[in-house]
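What follows are several structures.
Shared between the two complexes below is chain A, which pairs with chain B and chain C, respectively.
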Partner chain A sequence: MNGKIIWTLAQKELRDALHNRWFLLYTIAFIGLSLALSYMSLAGAGIAGFAGFGRTAASLINLVLLIIPLMALTVGAQSLAHEQEQGTLAYLLAQPVTRVEVFIGKYLGLALSLLASLGLGFGIAGVVLALANGAGSPMAYISLVGQTFLLSLTMLSVGFLVSALTKRAGVAIGIGLFLWLTFVFLGDLGLMGTAITMRLPVEQLLWLSLLNPLQVFKMAAILDINATLDLLGPAGIYAMQEYGAQLRGVFLMLTALWILAPALAAYMRFRLRGDF
Partner chain B sequence: MIEFTDLTKRYGKFTAVDHLTLHVPARGAVALWGVNGAGKTTMIKCLLGLLRFDGRITVDGCDVRRQGRAARQRIGYVPQELAFYKEMTTYDMAEFYARLKDAPTTRIATVLEQVGLGEHQDKPVGALSGGMKQRLALGLALLADPPVLVMDEPTSNLDTAARSQLLQLLVEVKAAGKTILFTSHRIEEVEALADTVAVMESGRLHFTCSSGALAQRIGLRTQVKFMVPGHQIDLALDILRGDGLAARRNGVGVIVDVAHGEKARPIHALGRANIEVIDFELE
Partner chain C sequence: MRLLSQARVAGSVLLLLLFSAFTLPLRASASGQVTPQTVAETTQCGHVSLQAMIDEAEAGDTLVVPAGTWQAPIRIDKPLTLEGQAWPVIRGDGSGNVVAITAPNVTLRGFVVAGSGKSLDREDSGIRVSAPNAVIENNRIEDALFGIYLERAADSVVRGNTILGMALPISRRGDGLKIFYSPNTLVEGNVMRDTRDAILWYSPYSVVRHNDFADGRYGLHLMQSDHHLIEENVFRNNSVGVYVMYGTSFELRRNLIAANRGPSGYGVGLKEASDVLMEGNRIVGNRAGVYSDSSPLRPNTTVTYRNNLFAYNEIGLEMLPNTQNNRFQENILLDNGEQVNVYGGGDLTRNEWAFDGRGNYWSDYAGFDANGDAIGDLPYISKSLFDSLIGVQPELRLFQLSPASDALDLAAKAFPLFAPQPRMSDPAPLTQPPALPPTPGLESPPTATNIVVAVAMVGVALTILAAGLRRSKRQRRAISAQPA
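Moving on to the complex of A and B:
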């Protein structure tokens, strides 16, 4: 594996992200909304700075849950399929590069693009919070940024898998949007319906909800900010009682699994493809 | 330099390339000739590792399947359909591929000059004409100065002037000692560039011959359309048929079916009979 080639490909992906209208739109929307939410949360609470962070963070978590999966899924879904449709992928693979270099280069470039976008959004909102008071620990905020980046990687990996399984960018984006709906809305609704009709025990309810990477992010973020999951109801209380201090490790492991498993599956599909 | 040994490529039940064995010698130029669907592009895609295949392909001793990067490092590739990142400038595009090929960036300016794009290096690739893009593709292929040049219908989308310009460049590249493998539908291109022609039919190697013998071996014929004064059309038909040529009336002129290399024969026949040829075109 040649690091120079990987970095060249990653740099190109970064540059492409700057020209991608959807990517820029998501970034601007995320920055605007995070700024507005921070300002409104602080104004509504009558307190400012990191001391009033809990209220702001709750708003930011909901914003992240909506926008970041959409952004990462669509960006990932376009990655390979768009280039294949344009014919540029075949030309790229005809160069002295290996498929693993192309895959990692693209993934790394898009991951860095997402990180830059998140950094801008959270950075500007963070500056507003700090300027408002400046008191309190910023660690919870930094932790939320980290959790959000990991969430974006899970969705990027799922997007790459979709992209590796399809040949047309339109189809890949369509599937990406459907998955976004499933993760954000349909998954929760389905889980609620199943829990009510089948009277699921709280343990099964917890693990079923953890199958959704967005729920993992939500619980991990709330745990970081609140130090407890009590506000999530019986499943949260059960999780705290049953796993206690191990919860963070469980969340991290599940997140790592959601990042690695789809990315590996996507790479295997990409590597074995022989129809360029 | 390039060895195809028992190459077979199947798409389900369809066999695109069927047990093909072909040798392309170092510094040689081999043209792949055949109708659409004969398997020419499939062969090239297998050579580049873009398709899975049965059999064996080596480039300068490097197995395409096991040593793909090393094999492709020795190949400059000009595709049939140009697929470029249109937002990039010509220079940025060349720099991007130079890095992938591990070619020194100092070669970029030289190569862009060589293919006549020195003045266009700041232009976005999307703003280049078809001929310029094709020359850019050739430039990118030559960036790392590879010993092998592989081209798939390199002039298929070009007008006459651009085709002639590119062909001249390719002749220079060949003279520089590159090994060339290319597909083409144009006899004049094959005659100008190739030493040997591999004629393919339904995925099989039908025969090989020298480029000079191709037209005769495949019985290549050309239709020449002549415009002559209306009152001389019947006479022109008699003269041409009398000269053993297959001629027929076509509106205001005549169409003659001639063997490749005999396109001037009807003109001489009509000239000897003092029949004025107002215009002519090849079909």
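Moving on to the complex of A and C:
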């Protein structure tokens, strides 16, 4: 593995991201929506004479849950499949670079471009919030951005796996969108329905929902901002009492698992595939 | 005349003390003859006991107690005024009460009281008063199970004290302030941290004003007690801010009630409380802003909420379906996770959600005001399928803030088949938030740091992009070497 090669490939990926219309669209949408949200929550802060960062953060969490997985999944799903379709991947692999360098370079480049777009969205919204005295503690904001970045990495890994398993970019994006729908809506709605009909005990409900990396992000972000999960009712209170201080570790572990496992599987597939 | 001469003598005694009190413990008697008592050793050695000074004093005397550590337990069994100079410490040995006041008309001022026992059964206290007309003022009570305990001490004053609890789990702590069968008590300007409750039982006509009670279980608990004014206090970081149980006639005005959390955390809890007026309070960031059960209980009384702010609570108003005859006027319900929740399902339609043609300001009001009278032309109706669901099945709260819960509400709007029943409706919602009176304890966040952090984020993003766009020297050379 050669760090210089990886960095060169990552740079190429960053440049490609700037030319990728999907990516630009999502970034602009994210910046616009986070700005609008902070503006709306500021209207409230004026009334209260209070920083309403809790609620701003809550609506930001909601926004992040919608947009970031969409962005990371489509970008990830395109990564290998698109280049393979265009034939550039075969050209790249013919160069004196190893597959692991190509894979890591691509992943790093896309991760950095996601980080850049998060930085722009949160940063611009943050400036507006801070200027109007509506922001809360800076640490809470930073940790929210950090959690969001981790979430985007989980979805990027899943996107890479989809990309490694498909041949056409169109199919990969389609699967990516379906996965997005599942993570964001179908999974939770299904679990809600199950909880109502089966009368799931709180413990099972909690763990089933933690299978979804989006829920892990949500709980971790709420924990950072509120220091408790009371907001999430009995299941949240159960989690606090049962795991308490270990909860952060549990969330981090689950997130790491969701980042590493799909990425590793994607790499295995990428290494073994003959048609690239 | 006698009073005047007493005051004069007391004044001269005080002057005298100013010169001599640094090293010498003195006893000053204000009842005619002045007998400054000189002691060879300093008080730390315990040569003079405070108890002995009290025993020698006569009723009505003023004892000025110099700095030093005095051995507890102390019993004050005659009307006396004890003034601490430069914070003398009365230290208990970790058992029983530290100071017990058993006579009426006792004033205790300017002491550090520390080291009570830990027995919840005996209710070991820092200062225990069991006679009327006591004045407990400007003391600092540390490491005491119960801080100040008034028991059958009517017409007393508890003012300007700092009460710090013991570092125990909350179930083994005592009450920082317990006022029991002591009507007409004034509780003013006290600061209380890390204790269990401040509680008033059977102590009608007591006033609680300008206090700051934080980090306990109940910020203030009113129990079986009537006619209270609760004014301009700060109740923060307790499990419950103010809990009013079983009583009549309460006024809560201009309090800041913030961040009271926990499984059953409320800003204000009302249980079988009648004739309540809440006005100008800021109720912010609690698990539930108000929890209301069977209030008002008495017929022909109301609970009135006027000009309060309910903001950023997880639930703004959490009410049992038995809540009726409540009156809501010119409140601001701002960005609560759930504005109104009917605990256990049902509705709150038997309350007046507007009065005199003025309703409340709801931050999620989606109507309009065509005639420009600052009152919305459509009623504010609280109905949400997801909120109704979590009213019945609270564990689904786990899905709060998920897009899936929003999708449910969207579906309920699109397909009225699933439309939930409205839980309340405000016929005259305000389109402009009404002005609020100031409350104590407001603070602004650190703006400069926030701006720096936010700008740094943009900076990081731009750096990454620049790093991606900048080609290395070798690449540039390679490109320029290419034929055009």
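Just so we're on the same page, the second predicted complex is superposed on the first by the 268 of 276 C-alpha atoms of A that agree within 3 Å, B and C clash if a C-alpha of one lies under 4 Å from a C-alpha of the other, contacts with A are read in each partner's own complex, and residues count from 1 in each chain.
Note that a residue touches a chain if its C-beta (ideal position, glycine included) is under 8 Å from a C-beta of that chain, and two chains touch if they have at least 3 such contacts.
Here the structure is a predicted model, which means the values were calculated and not measured.
Chemist: Touching A:F270, do we find chain B (first), chain C (second), both, or neither?
Modeler: Neither partner.
Chemist: Counting only touches as set out at the top, which of chain B and chain C does A:L205 meet: first, second, both, neither?
Modeler: In the superposition, A:L205 touches chain C alone.
Chemist: Based on the superposed arrangement, let me know which partner A:V184 touches: chain B (first), chain C (second), both, or neither?
Modeler: In the superposition, A:V184 contacts chain C only.
Chemist: In the superposed arrangement, does A:T8 touch chain B (first), chain C (second), both or neither?
Modeler: both
Chemist: Which holds for A:L66: it touches chain B only (first), chain C only (second), both, or neither?
Modeler: A:L66 contacts chain C only, not chain B.
Chemist: As a test of reading the superposition: which chain, chain B or chain C, is in touch with more residues of chain A?
Modeler: Higher number of touched chain A residues: C.
Chemist: Kindly classify A:F23 by the partners it touches after superposition: chain B alone (first), chain C alone (second), both, or neither?
Modeler: neither
Chemist: For A:Q86, select first, second, both or neither according to whether it touches chain B, chain C, the two together, or no partner.
Modeler: Only chain B; A:Q86 stays clear of chain C.
Chemist: Do chain B and chain C land on any of the same chain A residues, and which?
Modeler: Common interface on chain A, chain B vs chain C: 8.
Chemist: Considering the complex alone, what residue numbers of chain C touch chain A?
Modeler: Going by the criterion above, the answer is residues 261-263, 265, 282, 284-285, 287, 309, 311-312, 314, 332, 334-335, 337, 361, 363, 389-390, 393-408, 433, 436, 442, 444-447, 449-462, 464-465, 467-472, 475.
Chemist: Can you tell me which positions in chain A touch chain C when the two form their complex?
Modeler: 8, 10-11, 13-15, 17-18, 41, 44, 47-55, 58, 61-62, 65-66, 109, 112-113, 115-120, 122-127, 129-131, 133, 135-138, 141-142, 145, 184-185, 187-189, 191-192, 195-196, 200, 202, 205-206, 209, 214-215, 218, 222, 228, 230-237
Chemist: With touch defined as at the start, can you tell me which chain B residues reach chain A in the complex?
Modeler: Within the complex, chain B touches chain A at residues 45, 48-52, 68-70, 72-73, 75, 77, 79, 81, 83-85, 87, 96-97, 99-102, 144.
Chemist: Taking the complex as given, what residues does chain A use to touch chain B?
Modeler: 4-5, 8-9, 12, 16, 19, 86-88, 90-98, 274-276
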